[in-house]
Structure formats: C-alpha cells, structure tokens
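Pasting in a structure now, in structure tokens, and then I'll have a few things to ask.
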Amino acid sequence: MKKILINLIIILLLVLLYGCTNSSKNTDNKLYIYNWTYYIPDQVIKDFETKYNVKVVYDVYTSNEEMYAKLKAGGAKGYDLVFPSGDFVKIMISSGMLSPIDSTKIASFNLLDPLITSKIAYDPGLKYSFPYMVGAAGISVNKKYIKKFSKSARIFENTALKNKMTLLDDMREVLGLALKELGYSVNTFDKGQLEEAKQLVLKWKQNIVKFDAESFGKGFAAGEFWVVHGYSENVFLELDPSMKAQTEFFIPPKGGPMYIDSMVILKDSKHKDLAYKFINFIHEPQVYAKIVDYLKIPAINMEARKFVTVSPNYNIIDLKNCELKEDLGEGVELYNKIWEEIRI
Amino acid sequence: MSTYFIITDPFSTIVKEPVNIYDISMLGSSVGIKNISKNFGHFKVLSDINLEIKKGEFFSLLGPSGCGKTTLLRMIAGFDKPDTGSIFLDDRNVTDIASNKRKVNTVFQNYAVFPHLTVFDNIAFGLKLKKIDKKIIQKEVFTFLELVKLNGQERKMPSQLSGGQKQRVAIARALINKPQVLLLDEPLSALDAKLRKELLIELDQIHNEIGITFIYVTHDQEEALGVSDRIAIMKDGKINQIGTSKEIYEKPADAFVAGFIGETNLLKGSLSITENKETKLITEKAGSINILINNPKIKSGASLTVSLRPEKINILPIEPTVKITHECLQGQVKEIVYSGFQSRYFVKTKQNIMNIIKVHEANETRIRRGDKVFLEWEKSDMNIVEFS
Amino acid sequence: MNHTKRGIFTTTMVILTLLFFYLPMAVLLLYSFNSSKSMVITGFSLKWYNELFTNSPFLWKAVSNSLIIAVSSAFSAVLIGTLGAIGLRWYSFKLKNLFQIISMLPLLLPEIILGVALLIFFSAFSFPQNLFTVYLSHITFNIPFVLLIVMARLEEFDSTLLEAARDLGAREIDVLMKILIPLTMPAIIAALLMSFTLSLEDFVITFFISGPGSTTLPIYIYSMIRFGVSPVINALSVLIVLATIVLSLFLSKFSKYIINH
Amino acid sequence: MTEKSRLGHFYLFPLTIWSILFFVSPLIIIILYSFLTKDIYGGVIYTFSLKAYQSLIQLTYLKVFWFTLKISVISTAIIMFFAIPVSYYIARSPLKNVLLFLVLIPFWTNFLIRIYAWIAIMGNNGFLNQLLLSLHVLKTNIQFLYNPIAVIVVLVYTYLPFAILPLYAAIDKFDFTLLEASSDLGASRLQGILKVLLPNIRTGLMAAFLFAFIPIFGAYAVPQLVGGQESFMLGNMIARELTITRNWPLASAIATIITLVTCLGILLYIRSVRRSDEKDGK
C-alpha cells in the first residue's frame, strides 16, 4: 500500500517537474519583449538576434490596459522589456514595477528631439523610461468609397457612412478625440466638459459599427470598414499595395491625444544587460530609420532622420494641436463611468 | 426423485481417459462457522449461523435468493466480514485474513474470467502472482486444462469461448492454486439446462478426484440434491435444516423445506386421538385422514401441517382394498398435465385439490378428466412438518 | 402519407445542418488557394501554403508550444483522472456525490470562468504566468473529461473480476496493474486523445492565463484573425481541418466512450 | 477505517489535491475578491465591500445581463430545433456511423477556425456578398457581420455539435418499439414523438440544453470577433473589467454570479435525472 502511494507521488512529481523544466529551460540568452502589435518589423528582431546571438521571445498586446492588466496579474515576472505609453509609464513607476534606467548605458541619449522630450512630464529626466516612438491615433479613410470628406473628427457624424466606421475601443483615445474636437484638454476633470464629450461620442456611436481596437486594420483592408479611427501603422500594414493609393490618413486638425511610447525595463527582469543592448540597438540611427520606414510615422531620433527613405503618414508638425495623455490617478473613475455609459 | 438425469446419459461425459489424479489431488480442510451474524443497514442478512463442514465434503448451501447463502460464501472467501462471529479453516481462525491470503478460491456465478487474458494466462494468473518458475506454471496449467477438458484451447481469448468453457476456465483457474476449500457461487446458473447438468456431473467428478472441500451455493434444488454430500437449507438468514439429500427430501424439518425441496401437498388440520388410540388429522377441507404419530410431544388437539409428496400417491380408477398401513381418499380428476414419461393429476377431494405425479406404465388404465378416482398412499409417507 | 412528410422534415433538417457545418470549411478551402490577399477570387495559387511552411517561424513556435502542452497535460490529466475514476467507482465514502459534482464542474462551467478564476488565483499568489501555468490549467479542465470517459468504461465492467483477482492472491497493486488498467485501456486511450485535442483547441482559458513565451496555436490564430498580414490563416485552417479528419478517423475506434458520456 | 475505504482515499488523493488546489481554491478566491474593494491600478485592497454587487444592479449592467440571456436563449432554442430532428435521424439511419463522423469533425475542429470561417463568409467582401453580387441578387454589399444575428449564427454553428452528441446518445438508447406500440395504439407519428419519445429522452434533452446554453452564456470570443457595438455579453464584460477598467472585484462578482447560475442548472439537471430514475424504478 505505502509503496504504491510513494510510487504514485513520485510519478506525479515527475510529471510536474517535466512541466517545470519546460518553463524554466528558457533562462539564459533570451530576451522577453512585450510590445504593441506591429510595432517592430520582424527583420529588426532577427537582426538583433543574429548580431548578439540571442533569442527574442516576443509577445504582443493591443492596449496599455491589456498590457498593464497582464503584468499586474503575474506576467510581470517573465518579461524584460515593455513599451508602455507615457501615462502608463507613470502608473508603473508609482506601483514600483520598473527598474531605473542607467543613462550612461544608453548611447543615444542626446539624439532625441528636444521638441518632444520637453513635453515629457510623466518621467522627468527619463529616469525609468526611454522613448521609442511618438505619434497619435488618426483617421483612415477609404477613398474608393468616399470621394468627398472633411478632414475632421466630425466625419463620424456623417450618417451616409453609417455602419461603415469604427472608433477605437479605448476610453482615452475616443474621449480625448471628442474633448479636443470641443476645444478642451484631453486630461480634463471638468464634469461639464466630459459630459459634452460624452454626448458627442454618443452621437458618433449611432453611425459606427463597433468600437474596435483590434481588427479595425484588417477590417479596413478587407473593405468591411471605410473610416477607421486608429494608429496608422495598424491600418497601412494590412493594406494590399493597390489599396494604399486609395487610402488617406489624417490627424484631426483640432488635435487629439498623442502618445510617447517608451521602452522600460521591468524590475524583475533577469536579462537587464540584454535589455540595454536592445534599447541601444533600436536607437542605432540606421536601425531606427528602418523601423520608422516600416511604420511610416515620424522619427523621434534626429540622427535617424537622415536615413529615412519613406515619407511618413504624418509629420511631427501634424501633432502640434495634440496633447500627451497623462495618468488620471483617482480621476480615472470618472472617465471609467462615462466610458461605461457610452460603451454598454 | 425419478426426474433427474434422464435427458442425457450422464456417463457419456464422465468416462474418458482420467487425468492423473496423483498430480493434482490435494488436501481439503474443514470449515467452521461460529455464531456468524451480518446486517446490511437495518436488514438482517445472517443471524447467528453455526455450521461445521467436514474435510473433503461436497457441501451445498441451498435457499431462495436473498436467504444469505451468497453472503455466507463471500465471508468464507474473505470478501465480506461478519459483524459478529468467526470463521475457521482447520481450526484456524481466519475471520480477519484478507481473501488473497486464504487458501480458499472461488468460482463465480458470472465466470469473472479476465476478458483481456488468454485461457492460459487466466489459469496461470494465481501462479504468476506467486512468481513461480515458468516451466512449472506451464506444466501445471496443462494439467488443469486437461482436468477441465479444455485441452488445446489455451491460446483462445475468453470472447471466443462458450459460457460452459468460460466456467471451466474459472474452475481450473481456482483449482490451480491448490486451495483447501473451493467455493462455488451458483457457478452453473448462467448456463442452459443441458450444459448445466453435464458440468454438474463433471464438478462432482473433479471433487472426487482431488478430494478437497467444496462449498456450493445454489438456489436450484436439483443441483444440490444431485451431488452434495450434505446440504444446508437456508431461509431469511437462518439455517432451517442440515442433512443429506435423502434426509432432507424424505424428512423435511419444516413446511418451508418441504415446499422448497421438490413438490408437496401440505395438509393442515388438528390432531384428534380416538378412544381406540387411532390418530386422525381432522382437516378443514379433506375431511379426516389417518396418520401416524411418532412424536410423543404432539398432543391431541395440536394443529399440524403434514407433507405428502405427489409421487407417493397412487391414483386408481377403482376402489382398492385398503391395507392397515395405507390411507385412501376418493376424488374427481380436475386436470391432467401430460409430460412424456409421466403425467400430473390434479384431483379434487371434497374441497381440497391434491397434486399427484405418476410415471406412465405399459398397459395402464387410462384416466381422463372428470373421472372418479381413488387416491392411496402409505401412512408412513406423511411427514409432520409443523405442529403446535 | 403522414410518415413521408415527417421523413421529409427530418431529412431536410439533416441536409441543412450538414450544409451549415461544411459550407464554412469549403469556403476556407476555396480561399486558401486564392492568389489574391483579399477575398475576391482572382486565381489559383499555392503561395499561402508555401508561406505557411517556409516563412512562418512564430506560427510553428506556437504549434510546438501547443503540442508540448497538449501531450504533457493530456498524460498528467489521464493519470490523475484515471486513478480518481477508479476511486470514485469502486469505493464509497462520505460526501462522495458532492465530490463527484465538484470534480465534474470544470467541464460545465463556462470556460471564461475557469480562465478568470485561474488568472486571479495565480496573480493572488504571485505565481509567474508562463507555459507552466498553461500546463496546470489545461490539466484542470481535462480532468473531468477523463473522469467521464474512464468512469463510463468502469461502469461497464463487472466487480467480480476484481474479487476474482484478489481471490487468486492478487495484491491491490496487482489488481490495479493487471486487471483495472488493462481493462480500462480503450477508455484511457480515448481519454488521452480527447484531452490532447481539447488542450490543442483551448483558447479562452489559455488567453487569460498566458504569459511570456506561452503563445499557443489558438492564441496565435486569434491574433491572426484580428490582425496579421496574410491569408496564411486560410491555408493553416485547411490543414487543421484535415488533421482533424485524420484524428477523428483514428478516434472513431474509441468514440463509443466519448459520445456516451 | 477499513482496507477498502483506505484504498479509495489513495486512488482519489491526486484528484482531490488537484481539485482543491487548481479548481476549488480559484473559485473561492474569486468569490472572496468579489467582496473586496478595487484598487485603481488593478488588484484589490483587502477591505470588505459590497460595491461590486451594488454596481451590478445598475441599469447598464442589467442591460448586458439581459442581452446575454436573450442571445443565449435564442441560440439554444435554434440549436435544439436543429439538434432534435438531426440526432433522431442519425440514430435511426443505417449510415449512422458516417453521419456521426460528419458531425464530429466540426466538433473537433479548432473553435477559432470555425469562427474565422464565418468571418470569411459573412464579411463585407466575403463569400456570401460575392456570391449574391455575382448572381445579381444584390446591388451593393450588405453588412452581415458585426450585429447580434451574426453572433447568434456563429454561436449556433459552434455549439450545435455539443447538443447533437448527448441527444444522439440518448435517442440511440431509446427503445423504438415503444413508438411502434404507440402508433399501434392509435397515436400519430407526431403524437408518438411528443408523448413517447421526448419524455423518455428527457435527460438527454436536458444535457443537450446545458451543453449548449452554459458555454453560450459565458461566450467571449464570438461576440468579440463577430459582434457589433451593441453585442456585448457577460464574458466580454468580465474580460473588460479585468483589463481595461481594472475592476477585479466587479469581474469576480460577475464570474461568481455565472458560477451560481451554472450550479443551479446542474442541480436542476441532477434532480430531473433522479426523478426520471425513480420513475423507471431504479
């Protein structure tokens, strides 16, 4: 009897151990990156792997919230490098998730465009984060179906386009777009202004087919949607070459929320050296230019601008009326409530 | 009972080359059962059973379903434990010894042949567990295959065997372990009538050859009466009677035994003793019948139940001269059921219906339905099975 | 008259259902050979198959993750579940019914509940989420299937076989190894295949509890449905359906134990 | 303790440990979490609060609950409408093994692939639109996707095999001479089916219903992928509260409620099985 029991426990432990080794094998020479979808071309990752003879494990997310929830729930133990937007950099700093960045280990510290870095309030002096890209969500229009349109967020009020449009499923982006359209700050706590923005979004909601932060690019490329709100790279990377000519992307002239996505090293990272190598690699001007060409968005690295060959979908100047999203702190409750009322 | 062993010639299956008995004859042991009781919940399955089974005996436990016979057998095997009481094998108390450590093996009602093993592996199962040398196992298995007449079948899977063959495998599988007692739990009940009779005779023969104790559980009186040295009749968790086949049939201890074993006519009434010491049973329906009373405890006025076997009654078309040892009643034939070599008559005597069985004889006078007839029997054939 | 009418009704329903089942698969097959990236049919091409096999390293990494998880979790679930089924079938104890219901519950709860519960559970104990947590979760949802299948088989067989074995001198370990396991083998294999398939297929639970480096094939397919630049997914789908058919043919031998739960 | 029950404990030991560790504890934890206070950056603060349940009775959440119930009931009804005649047909067909196999294939095929196939069919430029346009039935594309009907179609497609299999198993065991007996006694075929067949396969019907209804009630991926802005079900809500609004107590509260509803369904099922067993005199 006892013998059987012992045998069984041994078998069970062996099986468990087998599972463990599966996961613990991946200790050294592997860099765990958690990034937005479509944010780094595969080729750049491959180049990094060959240059340093390492493996990159690469997982993706579609919103800051998704990324943050995953890290909060326990995924934080595994990743080394993450790409949050500014407001989330601040949240992650205050919840102690990040490892401070040693600026001496980063070669390209002075190559960043001061126009952008001066706006950085979420992490003054870049103690915990290093900027990756700057940009803003905009609106993509399929000109094959829509010949005439005004380049403004008011396009969502066009009832002729009912059920052919999508807005991002992202509270800050959508409310921010409406707030800017109304001339307010994207970080406002004023209930009246938020109420006005809510009403505006509700008006848009009648014409859109869905709130979508995931498949709008694919849907746009397949002709499902004619007007989509979202990041230009998500749209353009899905398009057939033939469709690119008939697609127009614009940042609403009254502005909207903008972002600076940064690279941060997680506190529990086991491969900090590799993470620094990766940050430096990304900001090598020629590599950086390759990424910018792929994404077709403006470069934040001034040195890299010399190597850029493709004209971006928009320029830094288009962002002049845009405003950086800030962490709302406790005020997020107010936004959550309004967003819930819109969304459900 | 003249009804047994008529359909097949029993000797056709017995007389074949005998197996070498000296190779397999084993020593049986006696089984003692002392004050065994068992309850399942509030239901009393066995109450205070006492039993002595002798070395080498073919002992049957006979009773209707639910009488506790199988439970008793399972206790001897070690599958169940009694609530109180003890079980002895050769005076050794084995009550708390697990089934796999008792020198007792069981043949099950539904064969319980392992469906994933060949005939050979089934039979070798017990020996392999003992890690006995393979050559010895092989030799033993073939000996026992021969004993149960399955020579040449050793490679077959159980699914390729008939019911009778499966039960032979089960018997060989049990015997190969050289048990001191073989327990048989209604081993033939799943077989058809013809096969049952054949296998029963073989079992008896095997018992004679190997000489160990057999304990045989059955609800079929024919089986039990045919082969047992002694039989225990059980009902409702109690033993009603223990005795040889003949004792039980001829002298049933009570009305239940009389009714359960064979057929009978039960006559109920009160005893009256006349002035000239004639003893008469005054029945409600059949009138008064002369009977013999050997038991001095039975006093005049006692109410009696008397058993009279149907084949003990003679049916006559004309009134016989009644001897002093005989008793005679008059009646009318209500129904005749013909079944080949014999017929069964239902005769109405006053209000009572008597059941009579008669083997046909050559040149007998034919009796028809509605005929007036006379019934005659020996007084000594009447058994008092109950009195108070 | 009446009879033929009903016959027509059920027959129509069966034909409609089969059309309903197979139309989508036919469409995938069609598009997988389409040369254009869009859903407009432009011509025959094998380029998506070519791309699938030559230029989809992340996809194959996901396939290998899925296979590792499916094999290891199926074996573990079958080990735990078979012993449990034997325990539940042959032995009685207090609260057995409650225990049985609790063991079956993961099968009946919507997957998302188990996903969320495990996510919060792992996070509450700061358990790092990776391929290992996926493995643990897959065992959890596979166990009830194993229980069902193996118990159905155990119901069929006769308890006297166990007694016969004990009677012939078998110890409990002999009973387990020589009688119970061999006799349950068809059901054990069925349970193994079922667990393997369910694990390969699971999306919702894995989605919630996946962590670094634990992208399985369904997670990868999910991301391909939402974004991803090529109709490789059509080619992949066709291959998966084909693999399913082959597996089902193999499984049909054991399907008796799977259907009759 | 007797030898037998000790052995039982031994066999059940791994299962017990596993169930407690990875099933019962997680469920207890979500129930506990549903009574805690949310932390604005995700996770919980360990103070008791009923806020999650209070906010659940707000109109917006009730709307989601109502929508989920509506979709689940409609889809399950359609599923049963197809599943009963189909499983009946299969059980009576001489080709039943082939038909069963044909039903099993979609059952085994990856769930996401099946959803994706419908996106390919119902898309704006998908198969159906192309077909109808080329047949000149339509002049312009129709948006089939991103509405509750699309959700229902895909849910029915996904869970129909789950209902057919248990129903088939039940009908296959049914003694069809009973139907002959009923027709011999003057019942029409429909009457026979309604009064003899259906009552006798009641547990099978119940199982089929549960196997379809429960997963649909907790659906996440289908409304996420083919639903429109209003197609927001409880499953999506859980995911949303877990990630975007970071309200873990609320997500736990919804999960707790779905668990309770499921357990209730199972208890009803067990009771109905017991009742019909008693009827059969078991």
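Annotations
By written order: A, B, C and D. Residues from 1 in each chain.
Note that in this section a contact is a pair of C-beta atoms (placed from the backbone, for glycine too) under 8 Å apart; a residue touches a chain by one contact, two chains touch by 3 or more.
Predicted model, so just to flag it, every value in this text is computed and none were measured.
Common neighbours of subunit C and subunit D, listed by label, are A.
Common neighbours of subunit B and subunit D (chains touching each): C.
The central chain of the assembly on a C-alpha centroid basis is C.
Most remote from subunit A, judged by the distance between CA-atom centroids, is B. Between A-C and B-C, more C-beta contact pairs join the chains of A-C. With each centre defined as the average position of its C-alpha atoms, the distance from subunit A to subunit D rounds to 35 Å.
If each chain is reduced to the centroid of its CA atoms, subunit B and subunit C end up 56 Å from each other.
Inter-chain spacing, taken between the CA centroids of subunit A and subunit B, is 89 Å.
Multi-chain contact residues of subunit B (touching two or more other chains): 98.
For subunit D, residues that reach two or more other chains under the stated contact definition are 7, 10, 13-14, 43, 123, 125, 225, 242.
Along subunit A, residues 1, 4, 8, 12, 70, 72-73, 215, 222-223 each make contact with two or more other chains. Pairwise, the chains that make contact are A-C, A-D, B-C, C-D.
Remark: subunit D residues 4-5, 7-16, 18-19, 22-27, 29-30, 33, 43, 82, 85-86, 88-90, 97, 99-106, 108-121, 123, 125-127, 130, 157, 160-161, 165-166, 168-169, 188-190, 210, 214-215, 217-221, 225, 235, 238-239, 242, 248, 251-252, 255, 258-259, 262-263, 265-266, 270 touch subunit C in the complex. Here subunit C touches subunit D in the complex through residues 2-3, 6, 9-11, 13-14, 16-18, 20-25, 27-28, 30-31, 38-41, 79-81, 83-84, 86-88, 90-93, 99, 101-103, 105-106, 108-114, 116-121, 123-124, 136-137, 139-140, 143, 147, 172, 197, 200-201, 203-204, 208, 217-218, 221-222, 225-226, 233-234, 237, 240-241, 244-245, 247-249, 251-252, 255, 259-261, going by the rule given at the top.
Residues of subunit B touching subunit C in their complex: 77-79, 98-101, 104-106, 108-110, 112, 114-116, 125-126, 129-130, 170, 173-174, 177. Chain contact summary for the complex, subunit A toward subunit D: residues 1, 4-5, 8, 12, 63, 65-66, 68-70, 72-73, 91, 94-95, 163-164, 171, 205, 208-211, 215, 222-224, 329-330, 332-333, 336, 339-341, 343-344. Of all residues in subunit C, those touching subunit A in their complex are 36-39, 58, 68, 72, 75-76, 79-80, 83, 119-120, 122-123, 126-133, 135-136, 172-173, 176, 210-213, 215, 223, 225-229.
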